[in-house]
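The structures come next, written out as structure tokens.
Look at the two complexes coming up: chain A is in both, with chain B in one and chain C in the other.
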Partner chain A sequence: MEFDIPTWIKVGAYAGSGLAIGLGAIGAAIGEGYTAAQATAAISRNPARSGEIFKSMLVGQAIAESASIFALVVAMVLLFTTFQSDSFIMVWAVLASGLCMGLGAIGAGIGAGFPAAAACEGIGRQPGISGRLTTNMLIGSAVCQTPSIFALVIAFILLFTGLDNNPLSPTWAAVLGAGLATGLSAIGAGLGSGLVAASSCEGISRQPTSATVMTNSMLLGQAITQTTAIYGLLISFILLFKAHPATESLAPAMALLGSGLCMGIGGIGPGIGEGFTAQAAVRWMAREKDSIGDLTRTMLIGMAVAESTGIYAMVISLILIFVI
Partner chain B sequence: MEDLGKISQLVIDIAGYQLVFNLKAMLMTWVVILLLLLFGWACASRRAMVPTRFQVLGELLVSKLYELTEDAMGKTLARTYAPMICALFMFLLLCNWIGIIPHLEEPTKDLNTPLSLGLMGFAIAHYVGIKTKGFKAYIKEYFQPMFFMMPLNLIGELAKVVSISFRLFGNIMGGSIIILVVSYLTYDILFPPFLNAFFGFFVGAIQAFVFTMLTIVYIATQAK
Partner chain C sequence: MAIEGADLVKAAAFLGAGLAMGLGAIGPGVGEGITAAKACEAIGRNPKEAGLLTRTMLVGQAVSESTGIYSLVIALLLLFVV
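So, the complex of A and B:
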């Protein structure tokens, strides 16, 4: 048995492919199941509208599945493309690519299930505005996919930009770190922005007259909830495109890997936390129409404070890259 | 698949510095500007009490965006900044949509476009902050709630520019990668129109709106 570079690349690609769709299947399945559960509840409350609720459930589930479909695409590309390379960096790149997409699909899958569920419930409660609710749900779940799109970008950059001319040590660690930073930080952002979209759907069904305000504040809340995923994307870009000097020692390589892990794990909490903040703010905006301005201001400040831990993580990962 | 991540660049050496121009992004930006000028001309050239189709569209866009700005910033600030917000939204919308046409490319796919627009919003927001609160109160805000929080507040402000521009860039770039890869895998059969409709029209419109919204909010929070 011979272990040359092409064989190792194949090994990496198969492992990465498995990780991509294996991890990527977690989120969408949970999200879709939750949607179906709420849809059955809604139908039992309002059986006359079962057709509409069923349709909305299917549409919502289809959107919730898109993150998993991205993971499937990456897995297929990993399986059926022959990667020409004469460097061990490619082995790490294919593995990191699968890991990044797999992890990145978890949050978006679960998150996109929430608005779909809330829309089904809302149609059961307020059948008159099912059109507006479906539109809002589509917008909300499309924005939930943003973190998984970031993961996809990094996954494809890892596969198709030639990093082979860089020194093996520490580039292998930078590549792995880049995958982990975007993949892990996407979990929290996807979940959190799903919560926001869900409460906006609920708000519209309670207070159909303020539908436009609900959609606008939902977009604002979701956009800010996803900030830490964007920090993860930034760290990945820096890790991939900064010229790392060649080294014999393991320490600089570990610093780069640590930087990716630090931003990735550090990004999970703020994503979910800011999701809670915006969820509550949007929910109360629907009930208390007169104080939307106050609520928006409190939401923005609360989210900025909740995000500070994500900024600490970013500062440490930048120090790990540039100072150490 | 080979053209994934390729950028056509023009590099000029001037006095030891390398000036790099991303030709396609610049060309596409000019195409967008010309199209917008054309749209503006079509909207405003034959104004009448019974409006033409273009006039209705233009009035709708401007009045909705004006309302949005006024809700967040208040009447006086909106008078100054609403035209900029309208221009920003229409520019971004057309930038994100233009990639649907084959052989054309979104200027927003190049990080330089969102980053410069983000920096513009940042500069305007802080100008408004200094102007409405006065320089002393503006500086004092950085030392809230404790004086040693200053570096983190500063990083937090700078991170806003990063997040607003990378959000747009990542989404548009991601969409175009997905379209490219899926079209390649399916030999351009069946999928590309739906993908273009979703990532081009739908996500493009949402992200243009989100960018505009965040710019408004950043300006409004500085003014408070």
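So, the complex of A and C:
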């Protein structure tokens, strides 16, 4: 059986569309479910505040939903756009685009659920500061969404920048690797940032006077947690926009695919681990004001060590692209 | 395109190097993060021992790092030696 290229592109686009929304729905559903569970518990403890808690739950869930809405948009674009191309690269690009967005939405969806849940609990505990808590939750969950926005950017670049003029081998592998690098590395960063934001909301509800310190240290912790997602984005950009010389052999293509996989998978662990670290540090900064300096220092040292394997992964990725 | 044996072996080595370092980075990343989280918690509970706790954290993380370094070594071996 021989099929023409437009048929293969349709095959890739429909498969990519299913992957985008199928994978992309996982995170938001878990995150929002967790928020609803904690909101229900908070209402049972403090029924008089059910209105505020309910409102805060809905706002938090709406933000957690945004990652899966990105996935829905990409899935729709893949379904209803006719991609004009006479190259098999487009087949890989549509598939990689769906994979990238689907994987990239998992972490952000789960992560954004944690601060929303903590805010609901906090309003139950300290109804007086619901405004400050909601603001902190909004900032925290917005930062959780950044890795999914990276994934959206790469998904659209894959679909609309016209990589067709490049040689099929090894560009097909570079395209797939670019999607996997950003998509996979977004999982850890999204999840980790959510953990940090949750403990910052918890801290504000326990110690309303420490609100500024909580927001600042949350942003510091989240920024470091995001770094591996940024490495993933960087590797994706290099894979997409570096000129790869045409080749007949398999090895250079596998080097590019391996590079994307290496950075993508390697970015997951440090993101989650650094999230745990900053979560604990921020939680104890709220309780022990006098040791904020010590806590920040230990947090930064601990995160730097946890980051090291992410940096090894980036080094191997860069060797696979530039040296091999 | 015709794929030769040597080419296939090289291709597998490159893909294997990426997978080795990628998968190998998950465990140390999460584990060292948990260590640092517990160290921060312990400093919160007992701020006077911050120095001792940070030192213990670093030693523990260094041991936990070792599997990440094994992955790096294997990835480099796959890339340059094998």
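Brief remarks follow.
The rule is simple: the second predicted complex is superposed on the first by the 322 of 324 C-alpha atoms of A that agree within 3 Å, B and C clash if a C-alpha of one lies under 4 Å from a C-alpha of the other, contacts with A are read in each partner's own complex, and residues count from 1 in each chain.
Everything below uses one rule, namely that a contact is a pair of C-beta atoms (placed from the backbone, for glycine too) under 8 Å apart; a residue touches a chain by one contact, two chains touch by 3 or more.
In this text the structure is predicted, and so the values were computed from the model without any measurement.
By the touch criterion stated above, A:233 is placed in contact with chain B alone, chain C being left untouched. Once the two complexes are overlaid on the shared chain, A:265 sits against chain C while remaining clear of chain B.
Contact with chain C, but none with chain B, is seen for A:281 once the two complexes are overlaid on the shared chain.
Between chain B and chain C, C touches the greater number of residues of chain A. Touch criterion met: A:308 reaches chain B and chain C at once.
Contacts of A:150 after superposition: chain B is touched, whereas chain C is not reached.
Chain A residues in contact with chain B (one complex) as well as with chain C (other complex) are 297, 307-308, 312, 315.
Against chain A, the residues of chain C that register as touching in their complex are 1, 3-4, 7-8, 10-12, 14-19, 21-41, 43-45, 47, 50, 53-54, 57-58, 61-62, 65, 68-69, 71-72, 75-76, 79.
Taken together, the chain A residues at the contact with chain B in this complex read 70, 73, 76-77, 138-139, 142-143, 146, 149-150, 152-153, 156-157, 160-161, 216, 219-220, 223-224, 226-227, 230-231, 233-234, 296-297, 300, 304, 307-308, 311-312, 314-315. Of all the residues in chain B, the ones that touch chain A in their complex are 1, 4-5, 68, 152, 155-156, 159, 162-163, 166-167, 170-171, 173-175, 177-178, 181-182, 185, 198, 202-203, 206, 209-210, 213-214, 217, 221, 224.
On chain A, the positions that touch chain C within their shared complex are 169, 188, 192, 248-251, 253-255, 257-277, 279-281, 283-285, 287-288, 290-291, 294-295, 297-299, 301-303, 305-310, 312-313, 315-317, 319-320, 323-324.
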